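One chain, subunit A, appears in both complexes that follow, with subunit B as partner in the first and subunit C in the second.
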Partner chain A sequence: MSQTTLEPPPDVESEQIAWYRNVETLRIVGQVAAVVLVVGLLFWLFNNLLTNLNRLNINTDFGFLSRPTNFQISFDEGFDPRSSVWQMVLVGIKNTFLAGIVGIIIASIVGLVIGIARLSSNWLVSRLATIYVEAFRNIPPLVIIIFFGFAIFTFGPFPVLEEATQISWFGSDNTALVLSNRVWGVPSLIAEDNVGIFWAIFVFAIVAAVGVAIYRTRLSDRTGVLHHRVRWALGTFAIIALAGHFIVGGAFSASWPVVSENGRRIDNGFVLNFGYISTTVALGLYTASHVAEIIRGSILAVPKGQSEAANAIALRAFQRYRYIVLPQALRIALPPTINQYLNLIKNTSLGIAVSYAEITLLTKTSIGNGRPAPQSIAVLMAVYLLFSLTISFLLNIYNRRIQLVER
Partner chain B sequence: MKRLMIGLVALAMIATACGGDDDGGGTSLLDTVIERDEVICGGNETLPGFGVVDDAGNFSGFDIDFCRVVAAGVLGDSSKVRFVPLTAEARFTALQSGEIDLLIRNTTWTATRDGQEGANFLFTTFYDGQGLMVPASTGFTTLEDLADANICVLTGTTTELNLTAVFNARGIPFNPVQFEDNTQLRPAYEAGQCNAWTSDASQLAAFKATIEGEGGDEQFIMAEIISKEPLGPVVADGDTAWAQAVEWSVMATVQAWEFGLDSGSIGSYSGTSPNILNFIGDGGFNPTLGLPSDFAVQVVSQVGNYEEIYNRNIIPIGLQLTGSPNDLWTNGGLMYVPPYR
Partner chain C sequence: MATETPFTHIDPDTGIAIPEVDVPSQKLPPGEWLRKNLFNNWYNSLITVLLTIGVAYVSWRVLRFVFVTAKWEPVRENLTLINIGTYPRDEQWRVVAQVLIWSGAAGLGIGAAVAGAKFRALQAGMEYVVDPALAKVKRYSGLLLLGLVFLGFTKTFGPLILTVVSLAVAYALYWVASRVAGHNVGLLWAGVAALMVFGFQIVSGFFGMGWLWMGVPIAAAVYSVIGRNETIEPRRLRLIQIGAALGVLVVLFVVYLVVDSVGVEWDEWEGFHLNLLAAAIAIALSFPLGLLLALGRRSSFPALRIMSTTYIEIIRGVPLISLLLMAQFFIGFFLDTRTPLSLFTRATAAMTLFTAAYVAEIVRGGLQAVPKGQTEAGNSVGMAPWSVTRLIVLPQALRAVIPAMVGQFISLFKDTSLLLIIGKIEILGAREIIHGQEAYRGFGIAETLVFAAFAFWAVSFTMSRESQRLERKLGVGER
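Entry: the complex of A and B
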């Protein structure tokens, strides 16, 4: 079989092959047909929607977004019922983001630890990790959220807010933690008047930290000493930021949670409600089981020779993971993990089961109170799309940066 | 781009859902229902007294009985009805999309719903008002006692808007906790996650009876009623024939009550009152409402008159009929129907 018999000369090709057998032509025809089909279908469906809405005398405009909501949002004191639906959407985005981002952090840390633990040579550790993964991976996230909402809060061990458990801050009179079946209070920082100067110093600290990191990297390249750039950068940042805090005379002061006199609210501090805690922790732990499997698979995908080489140069187990295995494994793990992060964000919509005021619950509330459903759902979809695209965009940039340069 | 496409396709799915009957205009839902020989009725399944489903999957309740009334009136058989349980936010979409023929789900008649939702509200079957319930041990009696309170409310309901409007008007700060349905709300309330529960007074009475009946804490319903909640059947806008058939079937229960006819006596009426004879279709009187001439007899003999339906469903949850707005107009109530002649 020589090449020439398979590939006729170009001029012969165009004359001899009929268009319906020409792969090039067929490819274009296929693409055009697909586009026409999709666009046609969309047009038909959209037209159907508009026609039917008009027939039923239902508005199809988005004017409702600027009209007042007339309802209050759970655990959001700042929200005025006279605010527009747009502002409600923003609150929903904020709440979805808060659940999503903390969920992602929980999922990443727990997932990494469990993923490594599954490969542990310690029988007990690896078995426990396996039980964790199988338990969480095989239960629908909605059920886990409801379990957290009901088992931890509604039927759980925490008292009502009037008799909340208050845990003091290491011997002082300040309450560090208020626990009830409704809300939890934790301390927070509040900005003082001179916080502006502090932020300037803060920015300077970041710049200095980046500078130190670059310097350490170059030094390492030049002389071969371990760069420890993260340690150096964090240290620089911490020292300058702390110095800044004290130089400007306390830019922040601690705000301790206090149960109000009538026992119905928590003043000061940062207040977490039961819906938020249930949603975030449940989704974090659920997604962690998936992330753990990805981490485990990625570690196994690193060639065995790498670990053996690390052992051969007498690296400790921690060093072997930190410098040899994980950098290569995480490179493999990142793309599927992005997928899990996106899933987590989308799953926050299940927070409605524990009355967490994220964007889906608010949209449903708004629809129930007379806003048009098709338009509201369109806005809802756009919000999730925005979240997903932003996250995958940012992480794809990161992914491209850490990808091995291949030739 | 691909994801955008998926988004658009999803939007389009909603479009098809809304496109049940594209031809519209020509045929009435009344003909469709008669041809199908079944009424599809959207209702509640979690509200004692109005709509509940038992372990065997049977629906019962005040609203459910009015679904049966329509089936008896239009099709002559009160069992030819299929119930679709709906959540508060899903109900109007289900009605608009043609998924259900009729919505009787303790739905308050408001201007916005009448206008924007493409809904047509018919004869009010129950005059309700919004109240607040607290555990009796708290000793709260007025709205002012509830400053800063967590108040449990169903999401997407008029009660949510009333609550906000009334508390804001009086300058009482509060925190609403929005639940999707009563099966989630009730345990949260009983566990003290909320200080109070607001809903239509009839619903609160029903849950007070259930909670106390099951050995829970004693409950107190505040005397203050903070809204008007007229509840009744709803159909989609733009179909007069179907709306009339539903409305007159429902009103027949009140008319029968006014005539003193009940499920036992209507079939064997032997008097000579011309109004009653018209009503029971004797002599072939038919005002061409699209209903069989004996529809009133079918409705009342199979399901009962208004008083019977009320006694069967509402009395057990502890709301008296006598002296309430739901009493007959001749007794000082609001139940008043146009004459059938």
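Entry: the complex of A and C
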């Protein structure tokens, strides 16, 4: 009996599947169950929160935001205690960004240098860079910030403000730097009356610079001349802006820092407090160790054939790095680096330990002054969240773009 | 299959795939080595000379600071304060017992890992290679240095004796565990878990729900041992297994009911001990939570996916301090309890919730790296979806992300320093107590900070070294 008879396939349609074994039903039931569970949990949590807040007679609305703060922000004489909590939040956001941006600049420069140094053919250079990375990334950033804030400033080698070290500007009578253990004074620019016209010229300079850059690019495309567009654009901008400054007869004048008569504060110039310097420098150095690792990884991730091809067409080491390796490496490095920048901005909240008046410290102080904690922290989180989500949204768009470009 | 493509190494911190190039490491004669690595052209020679001078000067300054000018008295006189803060002094024996028990757990754990590796090597028909002693010393150099510095600062013999005894306990358990047959490794891990819980409870006390934490690893071990019996008919065996496991739980429940001893309040755990404990607990709790979140984010159920994604993105968008402030001020209000939770519990909960989101993203990365064919193969042999995930996808995914996970845990450990900001006396808080003393006001500020930084560095550095070794050993990405 070698003949095999094919059984007719069982009629799936006619066979009733019990509802509790039907995948389609189970999918819906499972999801509904999950949603009900989570929503129920959230409802329970918030119900508890409201009950507890009512029990303790704590307001549950956001009305406190428009009432006065009633406290002074340290190192910020311009802040009026009568201004509203909203304005305090804005000051906090401004300070967070001031620290974040300078920290990012420090982290990028130091990180790029250390990252390239880690791959140096010079044994000593790469060893020192490795020591830097291993030292900084294994220490909590908070410890580094406190070290700057208290071991270098406050109790450190700098004198108190009355006896501040004053460094003059290359032989002139003006003090360029006032260094003390709490505040530093640096020169700043003060806008004169005619600054309005200058800003108009400034905007024109930017437009002209962009125009020149576009022209150089087109010229290069047409004739093959090296475009040098950055050099051209910066040159155009500098010439027009400087000319504008002199034409309007000096839009800015320098303001030199001076220790006040009673030795309590610094008049004129721009005043940096120790919290700000500690937070930016410490976070810059800490994040640099992570950026360095990213740079190193990205350079290694560029296929070796690229370097070999560059060698084959007799590019010098500098040209190889500048035109072949780094452009490709930076493309790989960008997403993780931006993550590090985000981390840095979130880490500026550690400035709280050196009483730097960024948003977290101000929120905590304001809670200490009797503002309701849940709403205050909700505002704090919303600020950070808004920023993080915007950046990661932009990053996702960018990622999708480079993926399209790369097949 | 020919391995034509170069091995890639995924950098755990950055997620960048680096093609690994085999550099033949050849020993050069000293003169040649110098010329090749330090003086290969004029500018490198210049850099080398300048840097040598700089390094010599800085090293001289650092050495002079450490051994001559530094005022170490604030550290030396307050070692206990740094280690355990203001923890009640007449309960110190509990910490000593904990150190001994956890050393035992560590020894048992390393032994279990070795036994497992031996077993796998045997199955694969390969020889198990023991690391040379020098490599081990190098790997643990951070911790060894920390131990030496600690012992160098102590004035009595107590800490030295404790160190020697705990090392002896660890080695004894290691020796036993590493000789256990491969199929019993699971039992060893249950033992590690039970010892960890026991070490925790020796300080916190044996009360409340403690029986459950203690009971789960033991019951699992009992269940698995009975399951080995092949003479009993499977269905009856299953009943006996469940009965025995439940029996263990019941016995422990009764024991805890009878003993009912409260140890030291959680909020009294302080100093570096607190940093280590908080990190350990948050690691243990955030891993399962993160795993669930990652599976949720990859789920085919849109509802689960949206909820997990929302949670992960919100948590990752805010700094840990904001969650800790929440813990300080009102996290307890979310629960229906009139008795406030201890600040330690609230802070650890905040750190767990925070880390879980990051763990979830790491695990998700691992899940994405598992080729789709693996799932399809599992489906095609008729495995249930959950079994496919549990037996095929997860083991591969988790193996691939171990280094990144360790990196996240290092970062969690470093973040325990933030407990300072909500007023917990961890190592930096203990420092503030030291400088609050009349004798050390504004004195030795840099020294105590350097010491605290060193303590963090030693632990983090050792963990990262260990993860690099694990990564090489597991051959992550080498497929």
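In this section, the second predicted complex is superposed on the first by the 351 of 407 C-alpha atoms of A that agree within 3 Å, B and C clash if a C-alpha of one lies under 4 Å from a C-alpha of the other, contacts with A are read in each partner's own complex, and residues count from 1 in each chain.
Simple rule for what comes next: a residue touches a chain if its C-beta (ideal position, glycine included) is under 8 Å from a C-beta of that chain, and two chains touch if they have at least 3 such contacts.
Treat the numbers as computed from the prediction; the structure is a model and nothing was measured.
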**Message:** After the superposition on A, what does A:L124 contact: first (subunit B), second (subunit C), both or neither?
**Reply:** second
**Asked** Regarding the shared-chain residue A:N181, is it in contact with subunit B (first), subunit C (second), both, or neither?
**Response** first
**Prompt:** In the superposed arrangement, does A:I190 touch subunit B (first), subunit C (second), both or neither?
**Reply:** neither
**Touched partner set for A:I352, first subunit B, second subunit C, both or neither** = both
**Prompt:** Touching A:Q72, do we find subunit B (first), subunit C (second), both, or neither?
**Reply:** first
**Asked** With the two structures laid over each other on chain A, which partner does A:V29 touch: subunit B (first), subunit C (second), both, or neither?
**Response** neither
**Request:** State whether A:I367 touches subunit B only (first), subunit C only (second), both chains, or neither.
**Result:** both
**Request:** Scan A:V207 for contacts with subunit B and subunit C and give back first, second, both or neither.
**Result:** neither
**Message:** Just checking: does A:A151 make contact with subunit B only, subunit C only, both, or neither of them? Give me first, second, both or neither.
**Reply:** second
**Fill in**
Contacts of subunit A common to subunit B and subunit C in the A-superposed view 38, 45-46, 48-49, 51-53, 150, 154-155, 352-353, 364, 367, 373-374, 377, 381, 385, 388-389
**Request:** Under the touch definition given earlier, write down the residues of subunit A that touch subunit C in their complex.
**Result:** 27, 30-32, 34-35, 38, 44-46, 48-49, 51-53, 121-125, 128, 134-135, 138-144, 146-147, 150-151, 154-156, 290, 293-294, 297-298, 300-301, 303-304, 332-333, 336, 346-347, 349-350, 352-353, 360, 363-364, 367, 373-374, 377, 380-381, 384-385, 387-389, 392
**Residues of subunit B defined as touching subunit A within the complex** = 3-5, 7-16, 18-19, 22, 24-25, 88-89, 92-93, 96, 110, 112-113, 116-118, 147-150, 155-158, 160-161, 164-165, 168, 173-180, 184, 187-188, 191-195, 236-238
**Message:** Taking the touch rule as given, give the residues of subunit A at its contact with subunit B in the complex, in rising order.
**Reply:** 38, 41-42, 45-46, 48-49, 51-53, 55-59, 70-75, 77, 81, 150, 153-155, 160-161, 181-182, 260, 262, 264-265, 274, 352-353, 355, 357, 361, 364-370, 372-374, 377-378, 381-382, 385, 388-389
**Complete:** subunit C contacts subunit A in the complex at 11, 13-19, 21, 37-38, 40, 44, 47-48, 51-52, 55, 300-304, 307, 313-314, 316-319, 321-322, 325-326, 329-330, 332-336, 410, 414-415, 417-418, 420-421, 428, 442, 445-446, 449-450, 452-453, 456-457, 460-461, 464
